[in-house]
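The structure follows.
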Amino acid sequence: MKIGFIGLGNMGAPMASNLLKAGHELTVFDLMQDAVDKAVSEGATAAADIPTVARSGAELIITMLPAARHVKGVYLDEDGLLAHVPKGVHLIDSSTIDPMTARDVAAKAAAQGNPMLDAPVSGGTGGAQAGTLTFMVGGEDQEFAFARPVLENMGRNIVHCGAAGNGQVAKMANNMLLGISMIGAAEAMSLGVSMGMDPEVLAGVINTSSGRCWSTDTYNPYPGVIETAPSNRGYTGGFGMDLMIKDLGLATEAAKATGQPVVMGGLAQQLYQSMSFEGHGHLDFSAIIKRYMKDEE
Amino acid sequence: MKIGFIGLGNMGAPMASNLLKAGHELTVFDLMQDAVDKAVSEGATAAADIPTVARSGAELIITMLPAARHVKGVYLDEDGLLAHVPKGVHLIDSSTIDPMTARDVAAKAAAQGNPMLDAPVSGGTGGAQAGTLTFMVGGEDQEFAFARPVLENMGRNIVHCGAAGNGQVAKMANNMLLGISMIGAAEAMSLGVSMGMDPEVLAGVINTSSGRCWSTDTYNPYPGVIETAPSNRGYTGGFGMDLMIKDLGLATEAAKATGQPVVMGGLAQQLYQSMSFEGHGHLDFSAIIKRYMKDEE
Amino acid sequence: MKIGFIGLGNMGAPMASNLLKAGHELTVFDLMQDAVDKAVSEGATAAADIPTVARSGAELIITMLPAARHVKGVYLDEDGLLAHVPKGVHLIDSSTIDPMTARDVAAKAAAQGNPMLDAPVSGGTGGAQAGTLTFMVGGEDQEFAFARPVLENMGRNIVHCGAAGNGQVAKMANNMLLGISMIGAAEAMSLGVSMGMDPEVLAGVINTSSGRCWSTDTYNPYPGVIETAPSNRGYTGGFGMDLMIKDLGLATEAAKATGQPVVMGGLAQQLYQSMSFEGHGHLDFSAIIKRYMKDEE
Amino acid sequence: MKIGFIGLGNMGAPMASNLLKAGHELTVFDLMQDAVDKAVSEGATAAADIPTVARSGAELIITMLPAARHVKGVYLDEDGLLAHVPKGVHLIDSSTIDPMTARDVAAKAAAQGNPMLDAPVSGGTGGAQAGTLTFMVGGEDQEFAFARPVLENMGRNIVHCGAAGNGQVAKMANNMLLGISMIGAAEAMSLGVSMGMDPEVLAGVINTSSGRCWSTDTYNPYPGVIETAPSNRGYTGGFGMDLMIKDLGLATEAAKATGQPVVMGGLAQQLYQSMSFEGHGHLDFSAIIKRYMKDEE
């Protein structure tokens, strides 16, 4: 398929590579020339600007951008996609942004005859490279059916979450819960160990009991419990704390906009912010446990 | 085996029944005559007081009591177990209490030649009746080996958590994390649904992602998601909110005693307390989601 | 002085009245015709649109608008103030908005030769009518000196808080602290009374001790303590809870933008949001004490 | 008057000195011989044990002890006051403990004919030395009238808070609010300064507005604002963070016992605990602002 791809950052670049490997024809755009050059060396065609991508003959255009303001710019500016893309071209935005913006852009696209999906991902740069991302997709059934095969070239788990914006809602809700349960895991592990338990034994009990969660059985923040977790490599790699803060910010903003309280979500955002404020924002988010461990402090 | 059993409440009564069914000879004591009568009708022998249980010739005495002050009374009073039990008799306390008291009582018992285990349970009254409780056990290896077969007559999952008191530590840490992740689950589910997602679809996404936890995949607080969860029967049955408040109180007390912070644990305690204050303490603890759902309020 | 005034809502209307009473010549604009008619009946001249106000010959234009998006619209749109106002005309925005937007608009105004102040107020509609508002003003010294006499026609306490945007910063910081200490006051009063103290005696102790704050000595949330407080009239009038939520939202947003943690500020926002979610957002913000009082629930 | 005095620690020693200076005849007891020697050098008579104080002919016995367990021991043990004091001797406990224990001990004393007051103090060691303490007193009117002149020898502000235990309730409620508003002050000051405000200007605005509290106008945690505050001497002296943690622990315990939620109180306890955990417990409690200041970290 002829595909346009805008946004070749840490996530977008390996996603584009996987599309090229799957045999698609790609026209790409990014502000960083290095990123464009690398994609071209893998077989992509470079476009000089966004309107060129829009009019490249692509049947589908995918965007992968850092935040809502970039999505608004790329889609809604005078020199943006919507002003230049031919009717009928399909659009997928894989950026992680607030659902309100996602719905607004999708509605404008649909109104001019461009069906659009929001399809944020989880799985990190590792998943992007390995092609094992999870895509949480919001939009029409038939549009989801159309996009699925392409998304499967980049991910393993493609989930339809309902109407436009629901991909963002699902990711936001999941990550808020993740942010909360990681702090809960950090507090429970640290409390238990401070009172004399062996961390592996404690994790064993929790992981077969009602406290069990991904943050204890797969990504345990206490060093020495899960071999593959960032806690075993100095909290490097993984899911950066500042990204968790961004996602919790999306959740609390969305909650504010709908008048929904998120008491623990709000506290979690502040506790990670406090750690980042003290200089730990570049570490994996499970480094929040440093707040609760004497030796690590 | 000849066994003494003190405390025939909602949990103790079915536990004693299961020991009788397994063929043990039981001498029982409780302040409630009805509870004693029922045990006697199942084959137990009634004791008039605690010293009588102590001197009944039992090789092992099990206690199942509401709180630390009862444990102190039953074990340490002048008319209590330690003052009257022959040297060498084994002791197991299955009450859920703070680790400091558990360790103190166990040390006093050991000092006079009575090896003691703390063995709090999870699984509720349903698990007590079905004999499928989980026992979290603290104490010496050889003592654990001795007690295990008896505990297996009452439970399915018998976990050795380390030295004396560690059974309490493990339960406390697990339940604190459970209390936190349930509120996280309630907030994430409510936020997602309030923004347009179907609750089952949302639970499906979370349960295959990093937000996954027992509170979402087994005991989801949103009605209609997990058929067997209390959320599908008006939050009746299950694990009472006031019991969760008790367990969070044990965790924050223990944390205070050791100088360990538990920021989310402390907030969780207050949020459940706030719901109980408004009259919901008798409901299952997952009813905390009422705080976040418009229609339920 | 010839003054333009845009925004004749609950606050703007009485502010404009006080300027008219002080002898100024006013050209006014609002989308609500009723509000305009009333101002005209008091001696103002109506303008058909914003450019008309801009070119009315006013030496100073004051705006009083609900939120940042209205401020951006009124100042920055094609038909907005900056596009039409003659060089040298002074500008004052009395809306309560985030400091980043305030600084952005002020910088754009200054760049084209229109000195601008941000001057949010406290004191509520009562203070607006009585002309006793407090103005927290951000901007240049000479501009503050120019504006002060006009602001004194509308308020009693005119405070220069530093450079552009600092008026907003001061109000935001003050109101965040207010939101926190009001919940603290509600918890302390309710706890003390629930344990047997007379509310007036308790307030008396606190107000002469280290817990003393405006929320206890002037605006005590416990009914019967301060005669003039909203707690004595069913939490009507006063400073609406939804406005407090808005201000706490500004504070947490600003904190997020600067990477500053506000742990209690974030929790306060969520606790008021939770009360508003249950239908109490129209009450005075001190009604948060209903969460802590049995009889009021 | 002949007075017995038990507990000559940092607070008790200067209180006893002031009683001696006022001309009272003192019989004292403390476990630390140094403290006793010093009191004797000032004119007191040493007692060998608590029963000796009880039977020394004192008309009134005052105790000043670290925590509830010491109060229980001194009053209720076999060798304690109640077992040996003659009927009619007046008792005052100035320790800061939970209201439940205070009421329990007072009821036992009253039952055997010894009227008792709880009279915890505020004002710190400075106030104890200067004789300017505040006494918050719980107990009968006539007993308060009897004790007042003696308390006035040690303090300046003697407040009757109602029936037995209410002195403790008042102190607990006040200090919980203090602990909350200090964190609020720290967050508000730091947020404002991080966004460009001068700390003195910001404090000036707050102190004439609705955010005003003792923590901003008398004890501001931001260095350079209030000359006499601990923030201007490296957070030394003042009211130790670990003492604030103790008082917040009393408040959350009391709230738990009465089923009252204290959401912010619980969070405040954990936030101070977190700072103490990192080694700052010996500093003045206003050092919580270090959590929010870049340069101080």
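Which chain is which? They are A, B, C and D, in the order written, and residues in each are numbered from 1.
The definition used in the following text is that contacts are C-beta pairs under 8 Å (C-beta built on N, C-alpha and C of every residue); 3 or more make two chains touch, one makes a residue touch a chain.
For reference, the UniProt names are A, B, C, D = 3-hydroxyisobutyrate dehydrogenase.
Treat the numbers as computed from the prediction; the structure is a model and nothing was measured.
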Checklist outcome for this item: Those chains that touch chain D and also touch chain C are A, B
Checklist outcome for this item: Residue numbers at the chain A-chain C contact, same meaning over half shared and different meaning under half, come out as same
Next on the checklist: Based on mean C-alpha positions, I'd like to know which chain lies farthest from chain C.
Outcome noted: B
Checklist entry - Cα centroid separation between chain A and chain D, in whole Å? => result 52
Item to check | Whole-Å gap separating chain B and chain D, where each centre is the average of the chain's CA atoms | outcome: 38
Next on the checklist: As a quick test, compute the distance in whole Å between the mean CA positions of chain A and chain B.
Outcome noted: 39
Item to check | Contacts with two or more other chains, residues of chain C listed in rising order | outcome: 255, 260-263, 265, 267, 271, 274, 277, 291-292
Next on the checklist: Quick check on the complex: what are the chain B residues that touch chain A?
Outcome noted: 99, 122, 134, 136, 157, 159-163, 165-166, 169-170, 172-178, 180-181, 183-185, 187-192, 194-198, 201-202, 204-206, 208-216, 218-219, 251, 254-255, 258, 260-265, 267-268, 271, 291-292
Next on the checklist: Using the touch definition from the top, list the residues of chain B that touch chain D in their complex.
Outcome noted: 245, 249, 252, 255-256, 259-263, 265-267, 269-271, 273-274, 276-277
Next on the checklist: Could you list, by residue number, the parts of chain D that touch chain A in their complex?
Outcome noted: 267, 274, 277-278, 291-292, 294, 297
